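As written, the chain order gives the labels A, B, C and D, with residue 1 at the start of each chain.
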């Protein structure tokens, strides 16, 4: 089963190619079939199997450009298998729930499926250059989706998003090449061993730490590298936004855990206080900016900065519980924010507006929808018994004894944002309808079942997080264990 | 020693032609009237031909006079007359500036360049036997024997030069020749 | 001189003979009948030239009293040059027809310019390099101004000519200084000039550099070398004489612009590679490094910023060619280090080939979308192209992504190769500046993509008749993707086999 | 007693710089072109001087090629200039200003 990840990546791509060749009507069903099978298969990826190499299972190796050191080498550990599952899952619901724009159905599905597949390549890659290629190539479908199907400001949003993230990743590229020249390999596991053994020049590692931090922090939209996020999220079509905010932004945190900290040497460790502080600033900043918005999509987008700030703090503090919580929270954030964006899409589709001031009356018109929306909001503000609570609690618990001040600031910001968010949702769903053009939000069978499934997951993870936490705790720190068994 | 060298017969010849070359060169750069500038260039070419003579390059001195000063400069003059540039309105406002630039670049930049380039170069004099070998190398016979010798690298380049001239001929015909169907061309 | 010599020089000879034959056939036959036949004949000679190059194989052979040397690199570049000429001739039929330009002369000039470029590529003696470069340049001046009665084209020709002639004079002075300094140094140190070699032969220069102590840092030689390198870089369209390139590409019709941009780069960078191999490992002080780094970074920054806010797409490609010239020069810089030399030469060769394909394709799109031979030059003309002509928009989009170096296109691999060579040669901060430059360039290319796909327009689709340009553009785009994903399958192995380090070293002189 | 080689080289560099000055300050294409001829002339002088002092024929050979190139450039260059003056119908300076951006 070593080819598992290959199949998971290839299935959506094949579906995308077929869907772009057949008639528009069948494009959707083909995309659903391809991505759904991939999603089911990626559940298999969680289970240990296949070749096992230093904590990674399903390890697969094949040459691509051996002369350049570029290999198709894949492997999954708990963290990456969860993130692959998240990506494939978001791809499926994006295809099912969000209708494609009428004039370019096939291009739309093509962009979503390709973006999902490339993100998975990045999550599963054990070759840094392959990771980089997927990391950057995944931007192209997003660029196309924003530019072609996005909101009113799409051209500017697309360019801004693309230029920002590519500049960050160009720095990463230079550092990767530096590592290759110093060590002669792009292979992650080999590099990990070499760095752990202190065989690489520390000044190079320092450069790698800085460059990769900038690249990943841009991707995760950590303040002050968040500037692309607002315009991009607001103008991204919802289907792609699910992937962009739910899966691709996680690449940033994933990169911090997988690459920056283990390969950055001592200097990366010394960066941790700075990163934690920036994370705390992100939490507060996101909360404040979200509070200044009246467009509910913008509120969700900026609250996303807040949440990512938490996740980044958990990822870097160096506490096992916090890191597991952070991995779990990536999953939670993907599910919750995705659910919120889907609801937001329904509201703007049926009510004709996303402005809080123009909404209202949803509670009485669509009771099921409103209750689900409320549940998603609870999850987003991390009320107990929802999934968000588990993750944030673990992060705070792990971070507090190391960085009490930053953590305290972050929690204060989070409480403020929770209050505002609840109030905003309350205003937009209660009361009477303020717009004549509004229609009742009626959910179809598929839409209803997707939202219910999301709700079930939220409560399920909130009530019984331990199985997922067990998987999430397998986040790369066994790599060193193979070399130093006595530590375990 | 250098002064002595300059005051010898050959030295006086060098001095004369060098001063003439620089003076006419400056005139080429500063004169407003294209016709006069072209005539200054002719003088410059003649002076340099004189220097060729002092270097025993007899054949090239002749070619310089016949081809350069003769044919090429006549072409220049022809074009200037054809385009009626002789009486082009003489805007003299830049003249002073241009003179300064010309002088300063000639003395400053050229001097600097040579000072830097020749730093540490020994003061090379002619070897004693060079008078003999050199004189035959500059004649038509000497040039021909070297140029057309298949065991020397010049022949290959010489053959390709013919294609260079072919390109030039095609170019001149295409560019300056009569236009076909001008009515259908878009301006 | 024997058959082997003529075989070695066969590729340019066939092109030049082809030029004469095409010209004469054109004169001898009726105008209307020659259109197809002339094209056919010209392409036949291009193919013959390619075959001749191919049969030379990868081993080193010198010919014509050491005036030329061919090996794998030269063979690759000669095939590429012949291919560019053939493609240009195919793609130009539309403009020749529309503007009633003389056809026979046009084809002859393309063939002769390529012949000159090949002479330049294979020359071992700077004299041959100079004659080759002049054949190429003079033909270029004419081609740039070929569309007579159109002010922009004529002006492009005039500017190109004046700047080109100026730079030729500098090139010549550089050759003269190298000639003098090599001669003086060898004479002063009692080194004999080997029979059949001249002082301007690269082998002789190499001998002087490696055997005369202190020669590499002597100011006379360095001044000459800097003049030579700088002027060759102009011929390749690199700063500081870069301002001509955008003017020329905007003024000339698109197929000609593509021809000028690619042929000049291929030829000039190949001879520079050869010249740099003799400088590798020699003590030449910092002067040459400083000049090369300066020119490269200046090109990258000027090229990318210049491209950023263009209204004309051909100017954008012009500035882009300046920037890409800068990246190639960075690769050449890496070839100055003995350790990184092999990787650098492979990287530069691959870059040149990939750049040639991308540029030819880009200009072909401009011609394809044009009407009645007029190019679709204004970027505003591309607004909403994705809705009107999806195929053209995707094709151009692929080229733009490749030019900006996004993964899965060949542009990424070329940049990767150059940066790897550069970093292994120790040029870390140079690489960082170059990266910043390419980020600026990214914006320029994205703007066009955004105009094509993201902005709605009410413009009507113009039906294009230029099938040849369409064919060229689409096949080039396919190659860009194929080479970007599977370079080892498509092209790389042949490079790896053929690009051996050029042959020249001081030891070859007896 | 003969003239040292350096005298010729200095003279040639001065002439070359004069040519550069002409190219950079002149605005009329024909006058720019004449300055370029001045530069070529300086190159020839240095080549012949080097060749003479080295006792090598190469300098004169190179000079012959330079002259051939100069002739070729003149024919093409003046052709281009005539064509452009015809189209522009303007013999005044600074005609090359249409392409900008």
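What we mean here is this: a residue touches a chain if its C-beta (ideal position, glycine included) is under 8 Å from a C-beta of that chain, and two chains touch if they have at least 3 such contacts.
From a predicted model like this one, the values you see are computed outputs, not experimental measurements.
Of all chains present, the one whose mean CA position sits nearest the global mean of protein CA atoms is C. Subunit A and subunit C have Cα centroids lying 44 Å from one another. Spacing of subunit A relative to subunit B, judged by their CA centroids, is 71 angstrom. Remark: subunit B and subunit C have CA centroids separated by 30 Å (rounded to whole angstrom).
Separation between the centroids of subunit B and subunit D, computed from CA atoms only, is 7 Å. Residue positions of subunit A with contacts to 2 or more other chains are absent. For subunit B, the set of residues that touch two or more other chains comprises 113, 117-118, 121, 124, 154, 157, 161, 164, 167-168, 171, 174-175.
Taken residue by residue, subunit D touches two or more other chains at 9, 16, 19, 33, 53, 58, 61, 65, 69, 72-73, 76, 79-81, 83, whereas all remaining positions touch fewer. Taken as a graph of touching chains, this assembly has some other topology, since it is neither a line, a ring, a star nor fully connected.
Pairs of chains meeting the touch criterion: A-C, B-C, B-D, C-D.
Here subunit B touches subunit C in the complex through residues 113, 116-122, 124, 150-157, 160-161, 163-164, 166-168, 170-171, 173-175, 179-182, 184-187, going by the rule given at the top.
Here subunit A touches subunit C in the complex through residues 65-68, 132-134, 136-137, 139-140, 143-144, 147-148, 150, 154-155, 158-159, 162-163, 166-167, 170-171, 173-174, 177-178, 180-181, going by the rule given at the top. On subunit C, the positions that touch subunit B within their shared complex are 1, 9, 16, 19-20, 23, 64-68, 99-100, 102, 105, 108-109, 112-113, 115-116, 119, 125, 127-128, 130-132, 134-135, 138-139, 141-142, 145-146, 148-151, 157, 177, 184, 188, 195-198, 201, 218-220, 223, 374. Within the complex formed with subunit D, the subunit C residues making contact are 127, 130-131, 134, 138, 141-142, 145, 148-152, 154-159, 161-162, 165-166, 168-170, 172-173, 175-177, 179-180, 183-184, 187, 193, 198-200, 246-247, 250-251, 310-312, 315. Subunit B makes touch with subunit D in their complex at residues 2, 4-6, 8, 10-11, 14, 18, 21-22, 25-26, 28-29, 34, 37-38, 41, 44-45, 48, 51-52, 54-57, 59-60, 63-64, 67-68, 71-72, 75-76, 79-80, 82-85, 88-89, 91, 94, 97-98, 101-102, 105-107, 109-111, 113-114, 117-118, 121, 123-127, 129-130, 133-134, 137-138, 142-143, 146-147, 154, 157-158, 161, 164-165, 167-169, 171-172, 174-176.
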